[in-house]
Structure formats: structure tokens, C-alpha cells
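Listed next: structures, encoded as C-alpha cells.
There are two complexes below, and they share chain A, which is joined by chain B in the first and by chain C in the second.
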Partner chain A sequence: MKWSLTHGFTMTHSVSSDTRGRPSFLAEQSNLIGLAAIIILFWILFTSLAPGFVSSFNLFALSRSLAVDVVIGFSTMVVLATGGMNLAIGSIGVCAVMASGYLMQTIGLPIPVAMALALLLGAFLGWLNGFVIVRSGVNSFIITLASASLFLGGMLILSKAQTFNALPPEIAAFGRMRWGFVSPLLFIALGIGAALIVLFRFTALGREILAAGANARAAELSGVPVGRAIIIAHTLSGALAASAGLMLVIRLGAAMPSIGQDWLLPSFLAPVLGGTLLAGGYVSVVGTILGAFLVTTIRSGLLVMQIGNFWLQLFLGLILLAAVMLDRYRSIYAERRSLGRKDAGRRSSGRRA
Partner chain B sequence: MRLTIEGIGKDFPGVTALDEVSFEILPGETHALMGENGAGKSTLIKIITGLYRPDRGRLLVDGKPVDFTSPRDAIAAGISAVHQERNLIPRFTVGENIMIERPPTRNGVIDFDRVHAEARKFLDMIDPSIDTRTEVRHLSVAQMQIVEIAKALSLEAQVLLLDEPTASITGHEADALFAVVRRLRAEGKAIVFVSHKLEEVMAISDRVTVLRDGRIAAAGEPIAAMTRGKIVAAMIGREERVAEMGTRNVDGTKVVMEAKDLATSFGHRRVNFQLHKGEILGLYGLVGAGRTELARALIGDGKVVSGDLRLNGASVSIPDVPTAIRRHRLGYISEDRKAEGLILTHPIRSNVAITVWRKIASSLGLITRAGERRLVHPLVEKLEVKTPSIEQAVGKLSGGNQQKVSIAKWLAAGVEILIIDEPTVGIDIKTKTAIHELIGEITREGLSVLLISSDMPEMITLADRILVMRDFAIAGTLENSHRYEPMSRAIMDFIHAGDEASPVGEGVARA
Partner chain C sequence: MSTTTRNMTLGQRFLANEWSALAVAIVIGLVTLAVLSPAFLTEFNLYVMLRSFCVVLIVAFAQMLTLAVGQMNLSVGALGGLVAITVGGMMEKWGFPVPVAILCGLAIGAAGGLINGLLTVRTGINGFIITLATASAFTGINLGITESIPFYNLPASFVAFGTGRFYALPYLLLPPVLIAIALAFFLARTVPGRQLLAVGGNPQAAELSGIPRDRVIVMAHTLSGLLAGAAAILAVAQLGSAQPTIGVDWLLMSFAAPIIGGAALTGGHISVAATALAVVLIVIIQNGMVLAKVDPYWVQFLLGALILAAVGLNRLRAVRAGGA
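Take a look at the complex of A and B:
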């Protein structure tokens, strides 16, 4: 601690003092390490119980689902940054999936064009969410709950819930492609993560989204176009949901209307486990990746051990609950510590302003 | 009931918040508890009301030791607090709020007629004008306080703690509150009155206890034996510094902002004023006079519906806040630092750089932390923000340092006109002076300030001229002589007598 009791306040601006400055920073580090430790524990557990867990086949399967889980987590994370929610990511995802299937199979557009259009559709649906939220001033929970049903219903009516399973063979081939043990999809997911880190750390837009999430009113009075920031975050969320959907199309080699229906829980699990604040104003990209990793690990492990899907739901629910409890405990602990520190500062420095 | 505080001490990790604090609170007295922010007042109140347990010492009620493990114990012993953070439920009625702890029931169902009848009984003791069937959210802050006091009375409180009760109410409302305090005192209740405002303390207290750095600096001194100077000396450990604002250099020929017959969406009408370069133009008025709303209309957070707003001579229309900041170099420091001014969970670096992120971004659109630091660091040093690092979350700074960060933000943005709303609300005396000097200094460097304040001494210390606002209109303009007595009288004349009354004293009417 540089905050010395005897010398009062030392003005230090070195990077090393970051760790104490932001409570979230310290919390983030301990959180990430804790999360990594839990993941390692599960890996040891699953490996010893079911040797097939680390087979190259399973590692490949795991990398493909990890890629999807990570991007689903990002999709929710960018909206959590604004202090909002997006319950429609599954519906947006499946809309993009079915659109891509239609464009490739029925219209016969080239793969990149179809994929780009499907991404645009996702972005547009996200934009629509954001626009309605900002214009109406209604809570994003309600708006996206409604739009989730609306988008899904619209997709079912238009597609008649028909699976597109005669996609160009390159799709499935890409899905089977391996780089070492892992699928290239995972690198795409990590690339998106890197881009998000740049967005939130190094661009005015990302900073503005976080500022709007932490305190919309203060951000607005500081000249941040808060409405625009929220709309952009939702647009991005829609595009990310569409990306996750397209990854599943690549993995499955087909565009199925059932995609997206089980996204909600993992979409919250990954960012929340990773330390992103539900209240907004703080995100952790690396945390979200680790959170998704934990979810995928558990799912895959239970699968390899041939424990049914019913147990998976129960486990994931438990983990989310445990993570939230832990977070609560941590914040109380941090508060106590900071209280002590704050008074320490006051008492030691007679001139504290 | 006599409450004895005996040798109380409380430690937090690495620090002693209270040490050897002893004094007595007697029935039928108003006992002021004073001290600067961080002196230990809040900790002491939390101990008395059962939120914290002391590490050393004890509390005695009528000579018998008590041990409170929760606020319920304290309430049961007859000690109730009326906190700054209101503890009422906005959508419940006044009656329901007062009787919430033990609602009268009939056949297991709440008997609402009796709820209101009982609540009425307690309200009548202090303010019969409040209807028990009104929802609390429709009440003014002052009325809510009355309801909280009634609630405390319903819990048979003998010792009532009022924590900064006048922080956000008008002068008239404060007078009404003091009448209630006097009545309760006459009935033998003990009132513990926590306040930053010396004038109030001098006016209504019988005795005063001052804390400094967690220790007693004055224990239950009769107010008659104290002077303003003595109390201040006890609080800060030395004599009060008289604010010398130094020479000012107002360029009277250069009008940077001019309002001509302005009317706004908030209901202002015929607002006329001129702000000169380097000037501090005061905007005084009671709470509810429309000062903050005028500021909001000026920065584009509200609409100017008619009239002419000129900046540097050019007629402008400001559609939103970003335009005000970026195009017109006009900034606003809110009176509510925590809710509107700063992002408490974010570091100083972000809070200062927020207005210029787009400006300092590189050609690739990227901002680096190093780039932000280059901008923020000199400002933080110049304004002497006391912090271990510019990465410190702003919420962890003291009120005074938070305010400095707010000012730094606008200096970073390079504004030419700054509207400052209640710059020192909730800031202790020592730091107040530093903020005042800072405001003086930035105007000497060419900024023009529109200063909104309800703090009369502050206004008379700082402003070059004072606009008096009443009912969303300018009631008059005064040249400030910086002499407290005549100026305060002239201002109050405008507020109470209306536009036509001629001001008394040295203020020169120009309205």
C-alpha cells in the first residue's frame, strides 16, 4: 500500500497504483484468477473421471461450442455495459440463421454475401431494439422480452419452421475444419473478443457506452450522446447474436429454427461469471471468455460422462447462483476495506479536502 | 431520558474512527453535533442508533448501560433517527408510512381507518396540515421530514437525531422545522441536531458538541458561551480563514452571454442578463425559484421557447448538451455531484477526459490511457486534487475533491462559460474556501462563471454581480459590495418584496 498512514497522501500516478484505484480492477483480477482455478479444477475432475474428455475428438467439439458460447456471452455483455439487457439474442440469432439458410439454399447467393446479409439483419434487429428502448424510455427488459417473441414469431411464420439442410457443402466442410485440436471458429470468437477490448478500452464510442451505463445522466450532462450509445450497443449485440447463429450453422451444416432457444442462460452466465456488472458501466472481455469456457467445460464434461441434459440445467443454474452470491460477498468485503481506507486517509492527513 | 456516551471508540481496519468520545444528551435540550466531514459524526450516529457496535466504551440510558445490536434495539430504547437518506416508502400514504412498524389490525387485516387515525394523532403534534392519505411521493422534502419525525414520535422516541435536516429545504421550511424542534424540546424530548450550518446551530441549539478527527473538541458546551469563531476553531483546530478573493479582472466591455427576454420550457419568462468575460455572475434565489432549470435550459437540457440567447454577440439556439459543450464551449456543474455530475465508479481519468474523448482520439480513432493521463494529470495537480492516483474511483474521493474533479473536467473541455450549481453543498468549511479560491482563479484565467448558490455568504464572497431569481423570473440585479450585512438585506428584499420594491442598503438596483 502506497497509502501511508504516516505521510498522508502521496501523489502517485504510476500505473502500478491502478490496482488500488479502481475497485473493479482488483475485483476483476481476483475474479479472473478464481474463475481460471475453477475451470482447471473441473478439467482435472473430468479428465480423471472420463479419459475421453481430453480426446482430440472431444477437444475439437469443445472448441466449436466454446466459440459459440463466447460470442453469445459477448452479445449480452455489450448490452450489460449500458446497464440494459437483451433477452432477444436467441431470437435475433435464429432470424439470422434462417435468413442465411434462405439466402444460400433458396436464393443461391454466394456464401459470403448471404452471411454478410444475415449479419446485417441481426444488426438491424438489434438497432430496432435500441431505437425503441431509447425512443420510448421503457426498460430494455420489457422491450427485448416483447421483441424476442416478435422476432421469433415472425421468423416461424416466414420460414414455416422448415430446416434448410441443403446448404452449400463448403459450410459443413468449414465446420469440420481443424487447426490443430481446435476449430477455426474459436479463433474468430477470440478475434471478436480482441476487437471488443479495443472498443471498450481505446475508443471514444466504447468509453461512451460504459459511461452511459454507469451513470446516464452524468454522461449526458458531460456531452455524451447517451441515446446513440445505447442504440449502438444494441445494434452490436444484434450483430454478435447473428454471428453466434452463423457459427452454429457452420457447425451443424444446416439452418435450423430451433437454434437460439437455449441461449438465454449461458448468455448471462458468461459475462456475469466474468465480472461484468449487471448494473452497467463495466465489462470484462477476458472474464466473459473464461465464463463461457467454464460453461462449455461443464456441458462437455457432463456429456462425456454421459450425464443427461437435465443435470446440465441444474448445474448451470447452481453456478449462476453461486457466482452472484460470491459477487455479493466480494462487494461487501470491498466496501468494508474501502471504508477503513477512506477513514485512514482522513485521519492521517489533516488537510484532506 | 438521559443518554450518556461514555468513552466510545470505534476502529475500522487500519484506522481509529472514534476515540474516547464522551458527552451527555439531556432531556429537553437541543444538542448540536458538529464536525467536518470525516470527523466521525456519522460513525457516532450509527453507534447511537444501533447500526454499529462500539469497540470501546458504552452507552447508558438513564444511567443504565445498554447494548444495541440493531437499530430496532435503539428504537425500543427510545432513540430514533431522521436520516438524510429518507426512509419513507414513496408509494405508501403518509399514514401507512408512519404506522408501518406496527399497523393496527382487525381480524388479521390492516385496519386502515385506524392507521390514519393513529397517524393523525402524531402528525397533529407537529404539523396538522399534512393529509395522512397523501402518498409520500407527492410531498416536499420538508414535509417528508415532518412525516419521519411523526413516525419517530409514534415509536415513542425520547431522543431524536436529525441528520442535516435543512440540507435540502428552503428557509421558510427550515423555520417551520425549527418551530417543531422547539415544541418537542418543550415536551422534554432530546433533539440531537447535526448540521454544517453555523447560523442554524447558533439559533436553535442549547448546547454543542464538536468532533474533530474522531475525538471530542468540545463536549456539550452551552451555546451561550460559544461564539461562531470558537465553534469553527474547535472544528478545524484553528481560526476561520476569511476569504480574500484577490483582485478580479472582469472585462466589462465584453459580453460573453446575453439573455434577452428569454422564456423556457420550464416556465421562465422575461429573463434578461449579461455575463461579461472573466465575471462571476451570481444567481441567487430560494429553492424552487427556477435557477437550476434556467441552467438546464441554457445548456440545451431544456428548451428556450422565446427570446434571444446570444453568445459572444451571436444569436444561438442550443438543441442539446453535446452542442453546448463542443460548439459553444458552455459547461454545467450540477448541484447533485453524485447523481448527475460524476460517474462515481469510474476513475478520475475517465471523469475528467469524458468531454474530450472524441477530441483526443488519434487519427485511427483510438484513445490511449497515456494520452488521457497527459491531459488529466496536469489538471489534477493544478487543482490539487488529493488522491493517490488518477485511477482512483471518483466515488472514493471526499466531496471537495469530487468537486475539483468536476471543475477539472470542464477545464479539460476548454469551456469559456461555466455554470456552477451549488459548488460547495455538503462540503466542509475548510475545503469550501479552497473551492472558492479555485473558482476565483479560473475566472482570472478568462473563464466566465454563472454561479448558482443558496449559500448567502458564498454568494457575497464570490459574485461580482448578483441576479436575484424568484418564481422563474429575474427579480433584480445587484452590484456586489462584498459586505455581508447590506448585501444580504438587499437580496432578501428582492426575494420577499417583489420587483417594485426598492432595495435597501448598498445594493444598487439595476433591474
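Take a look at the complex of A and C:
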């Protein structure tokens, strides 16, 4: 059975004994359309309740935080593709942030060189995660929980938690730059998304990563270098976390040690809302962008309506719950409907993601 | 199995034990600190150490119970924060008597855990995502109610319990010790406790032998919430005020202790004693850092290193046991 793919990237079902459900083409489309509908609904709601929501100032601010949220989501997404997790995203991000601050302010390196080195550091820390996970065979949750603490601790020891706020003025100028209503940062984020689409749809490497996540044993037996795929996914995740951190540096015009501490929830919100499976083997780049868009919309809307930061956490939690439950019931419903048509027995067995 | 145990010397048997490395590390730590720092063995320092042991131990137990059934509870800290401020609010704003406030707090903790459990079981969604979401919701309620302002004016008797001591023994130590004993008894000797471990060890086998799997998972989450609530109440007593920030730094610790104590994420494998020893080790390290006047950031760093070392050691032992 093969499914033609447009937005989602699923491994073809050569391993049919695997009962973990992956969304079919239609379910995937309906997920994205549903998500887009919810986003539009919130936009109408916020615009009618608080006209300031669509002011050019707010749209610009929204585009900047959207860019960061999207990249944070990607960073988790590429690891979820392998069926693993990366809890160290915030820590890797802040390490890259502080490294870039140090390189620009204290050493005085040119901006592009400093940024490139910071990205390399992020990739290296991600590689370290992947290497230890593959070599030890220990669950990625534990390894990245520990390394998150290790990286954050190391960063604080080295930097003494000092903010770098005398960065070259070009950084802040770039952060204030507007293309129409939006920040160029958003285009960078979307560019990264396009690259990820190419990676997962058209390259052997992307398929290997997904295969490793879908069914590691089967992938191994059919010659996929699973260990290498996992390490590369973590390296990529580290580089993406570093990019998100650098975007924040550009936005804030300073390198702060507090960056990244609140990334855990949004990093999972975006891909999970977008339909990426925790079990691995399936990612949705467009879904992750939409998921991040929903989160940013709600955050910005609540801020404009001055409900404030205090209740925001509650809303985000409830929305995540509602979204995953909705998705659950929709896929169960879709499954029931399709039972009569094809391979009833195989897919009816209970799934627990 | 029994013959190999019989043929081993006492020393070998000790080394084969899961928590042997922990015990050795604790002894080394104690001796080193006692030799290097004259302040270490003073009555006051021991009291300080034992006091910081209390909350962490119960937090670790809260996570341990969800790990036992192969689940996780990312909301321990958030739920703890919520219980802390409701207990504080009940005592300060509504003037509830202390026991009533404590019972209400525990009930809220258990209810939060129950919600986690029911959502996980009914929807079949990964507990990680469910508790990540509920954690955000609990934190949101906490911040929404308090707007980040703590409750300071708590009943004197309650605060006195938090600071009182008998020589080096803080009164605060009493609840954790009772909870540890009750938990060990529960897991070793009672039917629900055995069911909990059975479901974690092999869900299919447990289900086939008639154990209500879903109910056991809900129970584990409820107990986890209850313990998170208990830890929060202790934290309020310890601090003398109900801070909305109670619990924000529990997550790492809650996983660190059971994992260092040898718990497997897949479930069915936990130990009350090993978890408690892991907490002792963490507290000793933290105390040693304070005495050595090291940058407090080193604690964060070392905790991560400690988890990795423990996981590596357990892995090594498993590989060796497999090869033998």
C-alpha cells in the first residue's frame, strides 16, 4: 500500500505489521485545514475584540515571535521524526546565544563569523546528544534531560550569567528591519522550512531519518544506518535550536542567559499541533509552521487584549489538550469509516501513541 | 539465579546490588566533606541538609510512581505550585484551620493527578504530551490567581513546624520518612502496589492476568499528584510563605533521583530505597558545593553529569550481567 504524499512525509508501508497509525493523506489534509480554520477563527475573534491586533506594530511584533516559534518547533520536529525527544533545545539555544555574544562583544569577531561559529556550536552540542544516545542505547529523554542541565550549567559557569548588551549596532538594526508588515526573520524561518521540506521529501537522508523513526529494526534490516540517521537528526536539531537563539539575539539586540528557559512547551506545541507523531516516522513541516502560528496568534492576541501573561499559560495548556484530543477522536472516526473499505483487521487494533 | 547468589562473597553480593554504587558514593562524599570542611558535621549543617532532603524526596517519589507504570508526569512542579498557593491562600485569605487547608491541598493534588491519569487513559495520548499540557494549565491557574504575589501571612504554628527541630532533626523530616515507609510497604505488600509494578513491568502480561491496566495507570497518576501536593505543602512550611514559584525547579530533580536510583523509563522497575539514596547523594553534593563556596551554577552542571554517570553505570552493569 502506498500513499501519495503532498504535505506530509510518510514512509511507505512496507512494514505492515506496524500498527502505529500514521495519518492517511486525507486525514493529514483535514488536520492542516482544521488547524488553518482555527487560526482564522482566532484572527477574526481577536480583530473584532481588539482592533490593535492588526495594527502594523503588532503584526510586526507577531511576525518576529512567529519566526522564533517556528524554528523552535522545527528543532523538536526533526528529533520527533526519529521517535526521540530533545529536551535540551533551550539549553543548546542559550549556549549558542552566549557564545555569539562572547564572540562579537569580547573577541570582536565580525557578525557573520560569530553567528556561523555559534551555529556550529549548536550543531556540535546536538551531535553530542545524538552520539551519546546512539552509543549508550539509553532513551533520548534521559540523555537530553541530563545534557540540558549540563549545557545550561556549563554556560552559566563560563558566562557568570552576564548579559552581553554591547553587541554591534547592526544586530539590533536588523531586528528592527521591516519588509512590509513583517520582519525578515520570518522569511529566514520559512526558508529553513522549505529546506526541511526538501530534506524530508527528496533526499535519501530525510527518508532514512523517517525510516529510523517509523521502525528502527526494520530500517536497520533493510540497510538504513539508523544510528547515523539519529545522530544527524540530533545535530540538525542542535543547529536549529542555535538558529532560534540567534534570532532572539537579533530581536532583543542582546545575548541574555535567560533565553531558552521557556522553550519546552512551545517546542512541542508547534509540531504536535501540526500533526507530527511522538512515535516517530512522520513529520509535517507545514503543520509545524501552522502550529507555531496558532501559538503565536493566541499569545499575541491575549497580550493585545491585556489578559496578560498570567492566564496565557492556562490557555496554551488547554489548547494543546483540546488539539491533541480532537486529533485523536478525528483519527478514530476516520479509521472507523475506512474500516469497511480496506484492510479492516490490520488497522483496527488499538493504537496508543 | 539462587546458586549464583550463594556462590558470591558478601562483597560481590553488595556490588551486584543496584544501589551499591550510590551507597559507596554517599560514604565517599560524607568522608571527604567531613575531612575537608569542619563546618560539615556541625549540628546546624546537618539540620540544613536534612531540611533540604524533605521536599526533594517526596518530589522524587511523585515522579517515581508514574515511572513505575511506564508513564511520566511533567506536571509535578506545576501541580505543586498550584497546591502551594491554594494552601497558602486558604490559610491567609480564608482563615481555614491548618489541618483543613492541608487536606484540601492534598485533595487538589490528587485531583490534578486524577485528571492527568484519566486524560492519558481515556484518550490514549502519550502521557508526556498530556502532562506537558496540564502542567501549563496548572501554572496558568496558579499565576492567574496570584499574579505572582506570594502569601506571606501564614499561621504561626504552621511556620513553626517548618523551622522546628530536635537537635539536628527537623520536624519537617517526619512526613517524608512516614511517606517513604508507607510507599515501600504499599509497593511490596499490597495488591494495588503489586499491580502497579506488574503493569509497568509488562502491560500485556498484566492485562492478560486480569489486572485492570487503565485503572492502575490512573491510580499511579493520582498518587503522583497526591505526593506532589504533599511536597508542595512541605515546601510552604519550609519557606514560611506560599510562593507561586514553588515547583518551577522540580522537574529535573524529580527525574534525576529515580533515574540515578536505577529506575527504567519503560516501567516496572523502581526502588524506594535507591531513590531515597539518590536524593541523599544529591543533597550531599549540593551541601558540599555550598560549603566549598563554589559557584552555585556548578550544581546544575553536576546534576546533569550525575544523571549521565548513573545511567552509564547501570548500562554497564546490564551489559555485564547479560554477558555473564
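We take it that the second predicted complex is superposed on the first by the 318 of 353 C-alpha atoms of A that agree within 3 Å, B and C clash if a C-alpha of one lies under 4 Å from a C-alpha of the other, contacts with A are read in each partner's own complex, and residues count from 1 in each chain.
Quick note on the criterion: contacts are C-beta pairs under 8 Å (C-beta built on N, C-alpha and C of every residue); 3 or more make two chains touch, one makes a residue touch a chain.
Since we're looking at a predicted model, the values are computed, not measured.
Enquirer: Of the two partner chains, chain B (first) and chain C (second), which one does A:202 touch, if any: first, second, both, or neither?
Expert: In the superposition, A:202 touches chain B alone.
Enquirer: After lining up the shared chain so the two structures overlap, which partner does A:225 touch, if you call chain B first and chain C second: first, second, both or neither?
Expert: Touch partner of A:225: chain B, not chain C.
Enquirer: Which partner does A:30 contact after superposing on A: first (chain B), second (chain C), both, neither?
Expert: neither
Enquirer: Of the partners chain B and chain C, which touch A:214 in the superposed model: first, second, both, neither?
Expert: A:214: touches chain B, not chain C.
Enquirer: So, A:165: does it touch chain B (first), chain C (second), both, or neither?
Expert: After superposing on A, A:165 lies clear of both chain B and chain C.
Enquirer: Mind working out whether A:281 is in touch with chain B, chain C, both or neither, as first, second, both or neither?
Expert: first
Enquirer: With both complexes superposed on chain A, which partner does A:315 reach: first (chain B), second (chain C), both or neither?
Expert: So A:315 only meets chain C here.
Enquirer: Report for A:146: first if it touches chain B alone, second if chain C alone, otherwise both or neither.
Expert: Second partner only.
Enquirer: Which partner chains sit in contact with A:55 here, chain B, chain C, both or neither? Use first/second/both/neither.
Expert: So A:55 meets neither chain B nor chain C here.
Enquirer: Taking the stated contact definition, name every residue in chain A that is touched by chain B in one complex and by chain C in the other, in rising order.
Expert: Touching chain B in the first complex and chain C in the second, residues 350-353 of chain A appear in both lists.
Enquirer: With touch defined as at the start, can you tell me which chain A residues reach chain B in the complex?
Expert: 2-3, 5, 9-14, 17-18, 20-25, 198, 201-204, 207-208, 210-211, 214-215, 217-225, 281-282, 336-344, 346-353
Enquirer: In the complex of these two chains, what residues of chain C are touching chain A?
Expert: Those in contact with chain A are residues 72, 119, 123-126, 128-130, 132-141, 143-144, 147-148, 252, 255-256, 259, 265, 295, 297-305, 307-308, 311-312, 315.
Enquirer: Given the complex with chain A, which residues does chain B contribute to the contact?
Expert: Residue list for chain B touching chain A: 12-17, 38, 213-214, 237, 299, 301, 320-322, 324-326, 332, 334, 339-347, 350, 354-355, 357-358, 361, 365-369, 373, 377, 381, 384-393, 396, 398, 400-401, 404, 409, 413, 430-431, 434.
Enquirer: Name, in rising order, each residue of chain A that touches chain C in their complex.
Expert: 85, 132, 136-139, 141-143, 145-154, 156-157, 160-161, 264-265, 268, 272, 278, 309-318, 320-321, 324-325, 328, 350-353
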